[in-house]
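What follows is a pair of complexes built around chain A, which joins chain B in one and chain C in the other.
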Partner chain A sequence: MNAPTYNFAYLDEQTKRMIRRAILKAIAIPGYQVPFASREMPMPYGWGTGGVQVTAAILGRDDVLKVIDQGSDDTTNAISIRKFFAKTAGVATTTSTTDATVIQTRHRIPEGALHAGQVLVYQVPIPEPLRFLEPRETETRRMHALGEYGLMHVKLYEDIARFGHIATAYAYPVKVNARYVMDPSPTPKFDNPKMDNCAALQLFGAGREKRIYAIPPHTSVVSLDFEDHPFTRYRFDAPCALCGAGDSYLDEIVTDDKGSRMFVCSDTDYCETRQSQGHRGSESAAPHKERAHG
Partner chain B sequence: MTTFAELPSGFADKVLSAQTTFRSVMDAMARPGSVHCIASASGTPPGVMRGTAAIALTLFDHDTPLWLDPRMAQAPEVEKWLKFHTSAPIVSDSSICSFALIGNAAELPALDQFSFGSNEYPDRSTTLILQVESLREGLAFELSGPGIDGTTVLQATIEPLDLFARLAINATLFPRGIDVVLVADDAVVAIPRTTRLVAEGD
Partner chain C sequence: MAETKMAETLNGDSDQPLLTAEGLGKSYGHLMACRDVSFALYPGEVLAIVGESGSGKSTLLQLLSAQLTPSAGSVSYRMRDGVMRDLAALGEAERRFLFRTDWGYVHQDPAMGLRMAVSAGANVGERLMAVGWNHYGRIRDTASSWLERVEIDTGRIDDAPRTYSGGMRQRLQIARNLVTEPRLVFMDEPTGGLDVSVQARLLDLMRNLVSELGLAAIVVTHDLAVARLLSHRVMVMKGGRVIETGLTDQVLDDPCEPYTQLLVSSILPA
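== the complex of A and B ==
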């Protein structure tokens, strides 16, 4: 092999120490964005450099890693990050949500409940929930310091004034431990309730923006809303076409150019586990169909 | 005179020992009050417990000013060992340190001697590494806060006796505050600034 040899999990030890200290502070101050000296990684910004650095700093020999991208274990981003750590850390990888000890995710939270031994690492593009309302870092920092989040409520109110309901569908702002307003990363708001009182530790890494934040297990995470416009989840009103699930977040898949479409679970592991348990949807292949065709 | 050759060793395997130690501390911080064991072995200078030594080798470097209490500063080997293995600067002003190592917890200085961070940057605060007698038996402390499902009970023999009363300042100051890591031999318990004492008893 001519491949260069890397330190365990790619990052050098000095970098890991710096990230580890940031993670500890992030856990101690739930929802607060801890600045850290983000490194260049062998992948472009926007491909999960923040999540990868957090994963690299916590990963150990005995960990079992799962990586999902929009709920899917088998998209390019998920596969390449999984391979990256299989190569640089030699860790076991899995697609099973229950078997994994560390789950790195982009834009989804797994459907199944997470358990106490697990760490969920989010890839975050824009960690500052107030950024599109106030571009100046000095100002947003002061707003967080003072707990001054009126602007965010104005934004949600403007949604109601314009559309009649809160139209924010992803990256829906939450309040962590009744103090910090936090961006849950661009997860659909369907996933927001899963963050509340979650048994697993949730860590968030934003590589380009150089921030790490965290939600400890069993911490209150409340989606911002109004008394007369309470927070609601949204999912397509259909069962999964492959496993028939009526409770999972669905992807819409266009199947031809005549407007036909089908809805399938976004969480591939959840869908496959249900199919292996015998659940069937409207588009499921008949059992042993392949064999019948020889 | 102690020469470097006579100094107690660091981790045999720096990378993996630091990782397992960090995960113990991270789990402790994420689940306040729960006892976590540090398995990584290293040499320990006089007066420094195994857990404290492992945390030092895992988290300290040239970016983390350290403050040593008089007990820790007593034996010159401690400072030499820390400087040799971690390169961390040792400072005499406790209000600017990232970590404070407390060997004689009974004489823990007033908490306002340390850094609470600012409201804009509450992460720029001191983390106390407090060596205590036992984290397995002693008084029962019922704790609540983020990371704890309802309440949890920590059985510990802790000095100073009014530690939790002093840490009540964290509730007033939040998000500023002091995070504490209690160490007894190889056991660690973290009390981040969000943890509150519910009840105390035998």
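== the complex of A and C ==
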């Protein structure tokens, strides 16, 4: 093999500077979508190239990187992104939420509270929360500029009219810093309250759509709702079968081909940490979810 | 003048104009689509703009509703606080706010004025949500009572307008506009493209709503029957100019201008 021809963290310094400028602007205007010149990355778009570019731009040699996909450090996607940065930046990687300085995520926010100095990088497929009802980009931009967000409530109204309740369960729209309405990426709405007044910096990267947005630490993030249909979190009403946690977001795992199921924490680090502290669930002896998946 | 005569027939605070146009014009290159139009519209007054196709009616309506920037002249509107404002001096946010609160705009093609994929209830409720209504039950109740007022079965409240007939779509568009109780509604050929019997029902409904709500309206139509049924006053346009104006019955029964005489006798194609 030849010696690698790429720069630290793959992207060249010019590109990283351009992305950092977009990030700084995004931090200065919480929730506002900043356009940036998204680059081709050596992975397909569905793999979170927006998040990867943001991570590449902020990573320093002393950083400790964690990558999660649906709460798990061990999916193919999470492993390949972690390996990508271990190889191109030589940074330390971890599965521990507490030890990580940068956490790139798809679909979840870790259960444990994040701390000051950490950065959470979200991979975003569709950054525009108004796109569902307004396909014209010129019009959605004007709506953001003028703070005209009635359309967001039209979407929630349609949910209630159709299903009797706000059925939006992922990518549930929020208002950031009492100004911009933002799509929190396809995280479950269970995670929305964790974005509010979070001690960590939250950065969002959409590669295909070429947008970066941000929530600076300790910024207000409010989920949209109606007075008579207030925002509610949702989780399966069960304790984790492995660690007994009654407050974590659960995945439903099929355990055999006869359709047996169990509920386990989606955040594997949280679950394993609890187990190592002696917490037990009803199925503690059963195989852990990666094995069940496999 | 017809304006002052009209004003005398109206009561309350209607002695001051709601909207005024002065020397209004629009050119596209060498073509003057609309030129030197001046008039005043009073609260509760319905003005019809008639004329053959291409005479500049739609252009004028878009100028009056600030959707087009005039090449000459200006439009002023009396805001809800009673202050007369030049529309060109309004900020974009103010103009858009005006457009979805104190004004209505009924398009000939309902697909232009409705969200075809969204339920009728949400179509009517959208303006309320845009001005900060945040109680689903109240939004829905209000939408429902507006569907009743425009004679749409409230059992259809959750259906999208793409499942509605042409006449229902047009009535839904009207409900969607009136829900914020605007003082002025612009309509461009509101009955165009509908069957004659459907037109008659729609006209009847519009006439009742306009008088119940004391709405002012500016209605563009090439159909003189529409003008006769709805409007207090007409302006006849030809080649971008207003060539005759007056009380509707006077102008239509006893036109001064030869062109209007032709128009009224249906010799000119509409």
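Definition applied: the second predicted complex is superposed on the first by the 279 of 294 C-alpha atoms of A that agree within 3 Å, B and C clash if a C-alpha of one lies under 4 Å from a C-alpha of the other, contacts with A are read in each partner's own complex, and residues count from 1 in each chain.
Quick note on the criterion: contacts are C-beta pairs under 8 Å (C-beta built on N, C-alpha and C of every residue); 3 or more make two chains touch, one makes a residue touch a chain.
Just so it is clear, the model here is predicted, and its values are computed rather than measured.
Contact with chain C, but none with chain B, is seen for A:E158 once the two complexes are overlaid on the shared chain. Look at A:P217: by the touch rule set out above, it reaches chain B but stays clear of chain C. With both structures placed on the common chain, the touch criterion links A:L146 to chain B and to chain C.
In the overlay built on the shared chain, the residue A:L133 is in contact with chain C alone; chain B does not reach it. By the touch criterion defined above, A:N177 lies against chain B but remains apart from chain C after alignment on the C-alpha atoms of chain A. Legend: residue contacts after superposition of the two complexes on their common chain; A:Q14 is shown touching chain B, with no touch to chain C. With both structures placed on the common chain, the touch criterion links A:D228 to chain C but leaves chain B unconnected.
Shared interface residues of chain A (contacting chain B in one complex, chain C in the other): 142, 146. Contacts from chain A toward chain B in the complex involve residues 7-8, 13-14, 16-18, 20-30, 32, 34-35, 57-61, 141-142, 144-146, 177, 179-180, 199, 201, 214-220. Across the complex, chain C is touched by residues 133, 142, 146, 148, 150-151, 153-154, 157-158, 160-162, 226-229 of chain A. By the touch criterion given at the top, residues 92-93, 96, 115, 118-119, 121-122, 125-127, 129-131, 134-137, 139-140, 157-158 of chain C touch chain A in their complex. The residues of chain B lying in touch with chain A in their complex are 14-16, 18-20, 22-23, 25-27, 29-31, 58-61, 63-64, 98, 118-123, 125, 127, 146-150, 174-175, 177, 179, 192-194.
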